[in-house]
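Here you go, one structure.
Naming follows writing order (A, B, C and D), and every chain is counted from residue 1.
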Amino acid sequence: MEAIFQIIVSGLTLGAMYALGSVGLALTYGTMRMFNMAHGVFMAIGAYGAFFAADVLGLPILLALLGGIVLGGVVGALLHLLVVRFMLDTKDFEINILVATAGVGILLQDLLLKLFGAYPFRQPVQIEGTVELGGVVIPVQSLAILFVGFTLISAIAWGLTRTSFGLSIRATAMNRDAARLMGVNATATYLQVLIIAGMLAGAAGVMISSISTLSPDMGTNPAIRAFVICVVAGLGSVGGAGITALALGLIEAAVQYYIGARFGLPLMLALVVIVLVRRPAGLFGREEVVRS
Amino acid sequence: MADLLSVRNLCSGYGHIPVLHDVSFSLPREGVSAIIGPNGHGKTTLLRTLSGLNRSWSGQIEFDGAPIPQSVEARARAGLVHVPQGDQLFMDMTVMENLAMGAYARPKGYDLQTGFAEVFDLFPRLAERRQQRVSSLSGGERRMVGIGRGMMAGGKLLMIDEPSLGLAPIVIEQVYDALRKLASTGAAILVVEENPSRIETVAERFFLMDGGKFEWTGDTEALRNSSDIVATYLGG
Amino acid sequence: MMNDVRNNVVGGLLLFFALACAPALVGERYLLNEMIVFLIWASVAVQWNVLTGHAGVFSLGQMLLFAIGAYTVAMTNTYLGISPWFAMPIGATVAALAAVLIGLACLRLAAAYVALLTFAISYMVYVLIITETECFTTVGGGCQRFFGGTSGFSRIDDLGFRKLLRGDWIVGNYYMILGIFALSFLASIIVIHGRLGLAFRALADSPVYAAARGLDRTKFRIVAFVFSAFFTGLTGAAYAAHFRTAGPSLFDFSTLLFILAMVIVGGLRSTWGPVVGAALMMGMVEIAKDMGEIRNTMIGLVIVLFVVLMPDGIAGLSRRVVSRFRKTNDAKEAS
Amino acid sequence: MTDTNKTTTMPTRRNFLRTAALGGAGSAAMLASLNSAARAQSSEPIVIGAPLPITGAVAADGIEFQRGLEMATAEINELGGILGRPLELVVEDTASGGDDLISSAGQRLVDRSNASVLISGYNLGSNTALPEIAADASLIYMHADTVVRHNELIREDPARYWGSFQYDPAEIYYGIGYLDYIKNLVESGQFTPSNNKIAVITGPIAYSINIANAIRENAAEYGFEVSLYESVQAPISEWGPTLAKLREDPPGFIAVTHFFPQDQAQFMLQFMNNPTPSLIYMQYGASLAAFRDIAGDASEGVLYATVIGALQDEIGLGFSEKYLAAFGDNASVNSGGQTYSALHAYAIAAALAGGAGAAYEEEQNRLIADRLRTLIFRSPMGTMRMDPETQSAFCYPSQTNDPSLGMPHIFSQIQNKNENGYIIAPTPYDVAAFKTPSWMG
């Protein structure tokens, strides 16, 4: 019984982290058919930003977390203004943007290495201590991750469905020309989407580094997982990505306990392949697949 | 008062292939105008160029007494509403959300309910389907959403591309009834239609487009008297 | 169409002879080794371009196929003692067979999904390999896992050039790899400018029309996938034979993106683009190495600039320059 | 160690030489006298080629390896280089990558930079790429990959790989050394375990697996039972499921051979939420400052071992002090000390052999290799003495009973989260006694 509770706690913590990482990616792909290969580095930038704010500037952790999130948004904005903007209407955008953002990732990761070195710093933006719940001791930071993940993702989901700003993002995603005919400034929408995705990545980075460490390449693994989660959920399905991430976190924790820790990720990926072969548009995606 | 829309020597095309050749015309602030003519001769290109979806190569467009803004979205905000061919709806949104998008450019204080009421008054069928996803609607219903979405913008000129395209005759009737009702409110409407007989009783001004040029222009009466010209271009 | 093939083949032969002369001019082992790496990545890039640029299949699983070729050589040699010379065609065939399976599973889907599914499959294989902990055999107190685990396979038998050419063994390897590159490039020219390429273009231009003509899109996509897998696998096998190792680093995401960058910088949908792109990227890294500290910063910057400023790559740029040049010439003649 | 830091301010030249002598041990004097006896052969610098993982997953160590080499280069040049020829360090990045990147970096150092020797800490990959490069170019290559694969390689073809040296013992000694140590701990009455079960937790990298397997295979012989053998993926931050298994059947000992410091720190943090009465041993990662930084209080009580770590005696502390003064408190002495020691050893061997050899100068390099094979060199990490059969450093006490003839396999325990662990075994290097960790008290 205690073990099951432990698995649920671990699974939700993992899931919340995965969700934070994937929702931003899903949003960008969903809106502009762009896979941001620098997403993982954005996470690292957010994490280092918070670290810098708390450790060097001595800001309180809540402000530092906010600093990390804002920095993520700034980098997202810069990506749009300096790179994406010029590529939007080119042929092969989907492939070219992959390479361009990969280049951005290499560049930014190297800059992080130059600025902070490779020393694995401790992320000061975290809450220490534990609480006991039903015989299981839970670190407060796990709850903080769940809370931040849940809050941000609900805010995004609410914003997308309930506000006119969200409506314009969804409209641009579904039909860019039609959205422009309604008076939506698609370029501005893309900018806003990249800012939001950058902020989410920043938050994810702070959370992930709080339970591992800071390093310039800390985002690589989470970003690859986020990539995979977006596929299972159905490309561009933001809510789907959140739910899938939680489910996969729970599955991974259960597999780690019942089958063996090393099988967590491979089984998750096998599941991905099966899901995709059977349901090509993903669990939550709508059919937009060209079948011959 | 000046014309609502005035176009001079407009040229445009796709890639390197010109489609529109020196098109000039103007529209008054009220009433229904129609562009008729065979398919593939530039009618849709003209609307797309007016709304900015296609770049204009040369020529001037004046809208509402001023040179028309550059971008698609700015033209929409200026009140030039384009209901594109093939509906171009937001397929994963509900009927209400699509309509709400139509009013996107309106000022903040605008009450969507007034707009919804007008649209549902014109297309009662949509009221029943208001919470359904557009992807689950029939072709006719989608067309109604498209026109309704255009109405929601409350623009100065409503341009509708081929409202009857691909619909069953009985549905075409319904759509044209609605257009007629809309026209009776005095709104300025520009309709593109291949078949002049459908639009004959709705519009009061006609432009016959062929080979990317206006070959003939006239009012309803002139159209009736010039059936031979029309027949030449439309093959019947 | 035949002219196209002939011109390109003649061009290819010229390149081949130029490259064949290289060892006579380049004595340095380091440079020859870098040229070998160039030939390997160029071959992979050429095949990727056939698949993505021409057949419209956006695969991110190319390094898996490459690795299958390499692992086949490594495993058959380590466990069965089969010579790398024999194992290379086997590796290519295994890669092609794997492509049949993967192709049947995912090539019905739209571009983005193909990309992600091929990526997911290759990542899964990678994770299974690197998390393998059970020893298959024990060598001198060390553990040899069946698929090599994180350390992979090493000390694969030499191709025999060390005995034959002694200090110049790398020249032997160079010619072997050059041969494989030539084969791969020649095959790509024939496909791009031949009937298959025509079918690809028809399918890309007007899927409906092509379907009406009886062209089965999925079938052609699978054909393209298997074809490029064969040569990608063969190149991977040659990689293993040259470096005498195969390991999970073949799956590195950075390698995948590096080669994709070669294809894009060179120009998707061209014939020669990937070769030019590979040469350019390798040259750039070489220059960057001399810059020491700012090496990666520069590589990142150059990739971004290329993609932003030249979305159709160098091939697209040269096409535009040539056509402008022709236009001005025509204008001159006319006046 | 924190105390001694304060005393180091702006070293004067005399001061520098004195500490250099401390850092390089007796070697400095030897090298200095060899140098003064020799007429400078030429002023052409000797290029030290360093193929190191400066970026990527293990960049943190790679940067320390570079620092260690920089420091040794400066010291040796201060003493007159090698027989009058100054040293010049050239680093190539292997980017924590595979053999293609590693051999490209190595070959570039040979062909482009005219390296006279290749020295690295460790690289990932198959660990055979650089021995091949060195063999083809008839060069000396010194590394601390800490793999038994090196020993196999030398045994298989000593004629080809005469120039490749592993200047620390192979990882397999960790497993046996660990069992030996805990058995001793129990028998000597320093520690009474709750039971004789060992839970082994390994990661995916060969190094971890080889150590874990050595523990699993030999546990019974030492009177222990492996009750759990778990492989985890890397990186791993959520240990809940694995800890749940541990808590169901609490073992007397837990050995974590997965070696990433941040993952180990998370293990301790999550373990301490609800600890079991188990003595915890962690491979390598716990020896880094980052582990203590991240784990904080939870780091205290953890045991770790290394077959190449800075000792806490006069020579070792002298080196540590200097190293931290040069590179800051976050610098890792244990990583930087490796390449530092290797370069000093090479310098002595080359000086004794009559000078450094360039690439393809087989005769001269073989002379240096012969010297290296017979050199007994006391570094800040202990005595470096090669097993002529495997060209790997001898391990004390697993391979030799004489501490002056083997690289010590040192066990440390973190007793204060603000300091490196104290060496608690083997004698004579121990500076503190084992303490039962607080969570077992």
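Quick note on the criterion: contacts are C-beta pairs under 8 Å (C-beta built on N, C-alpha and C of every residue); 3 or more make two chains touch, one makes a residue touch a chain.
The shown structure was predicted, so the numbers you read here are calculated from the model rather than taken from an experiment.
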Closest chain to the centre of mass proxy, which here is the mean CA position: A
Most distant chain from chain D by Cα centroid: B
Centre to centre, by mean C-alpha position, how many angstrom separate chain B and chain D? 77
Could you work out how far the Cα centre of chain C sits from that of chain D, in whole Å? 39
With chain centres taken as the means of their Cα atoms, state the distance from chain A to chain C in Å. 31
When the centre of a chain is set as the mean of its C-alpha atoms, what distance in Å lies between chain B and chain C? 51
Where chain C touches two or more other chains at once, the residues are 127, 131, 133, 254, 295-296
Among the residues of chain B, which ones contact at least 2 other chains? none
Among the residues of chain A, which ones contact at least 2 other chains? 110, 113, 262, 265
Could you list each pair of chains that touch, in label order? A-B, A-C, A-D, C-D
Contact footprint of chain B on chain A as seen in their complex: 164, 167-168, 170-171, 174-175, 177-186, 286
Complex contacts: residues of chain D adjacent to chain A: 55-57, 59-60, 62-63, 204, 230-233, 235-245, 247-248, 261-263, 265-266, 269-270, 273-274, 288, 290, 293-294, 296, 330
In their shared complex, chain C is touched by residues of chain D numbered 55, 91-93, 95, 97-101, 103-104, 107-108, 110-112, 124-129, 132, 136, 147-149, 151-153, 155, 170, 172, 202, 204-206, 209-210, 212-214, 231, 233
Could you list, by residue number, the parts of chain C that touch chain A in their complex? 52, 58, 105-106, 108-113, 116-117, 119-121, 123-124, 127-128, 131, 133, 207, 211, 216-218, 253-254, 257, 260-261, 264-265, 268, 293-297, 299-304, 307-308, 311-312
Per the touch rule, the chain A residues reaching chain C in their complex are 29, 33, 37, 83, 86-87, 90-92, 94-100, 102-111, 113-114, 220, 224, 227-228, 230-231, 235, 262-263, 265-266, 269-270, 272-273, 276-277, 280-281, 288-292
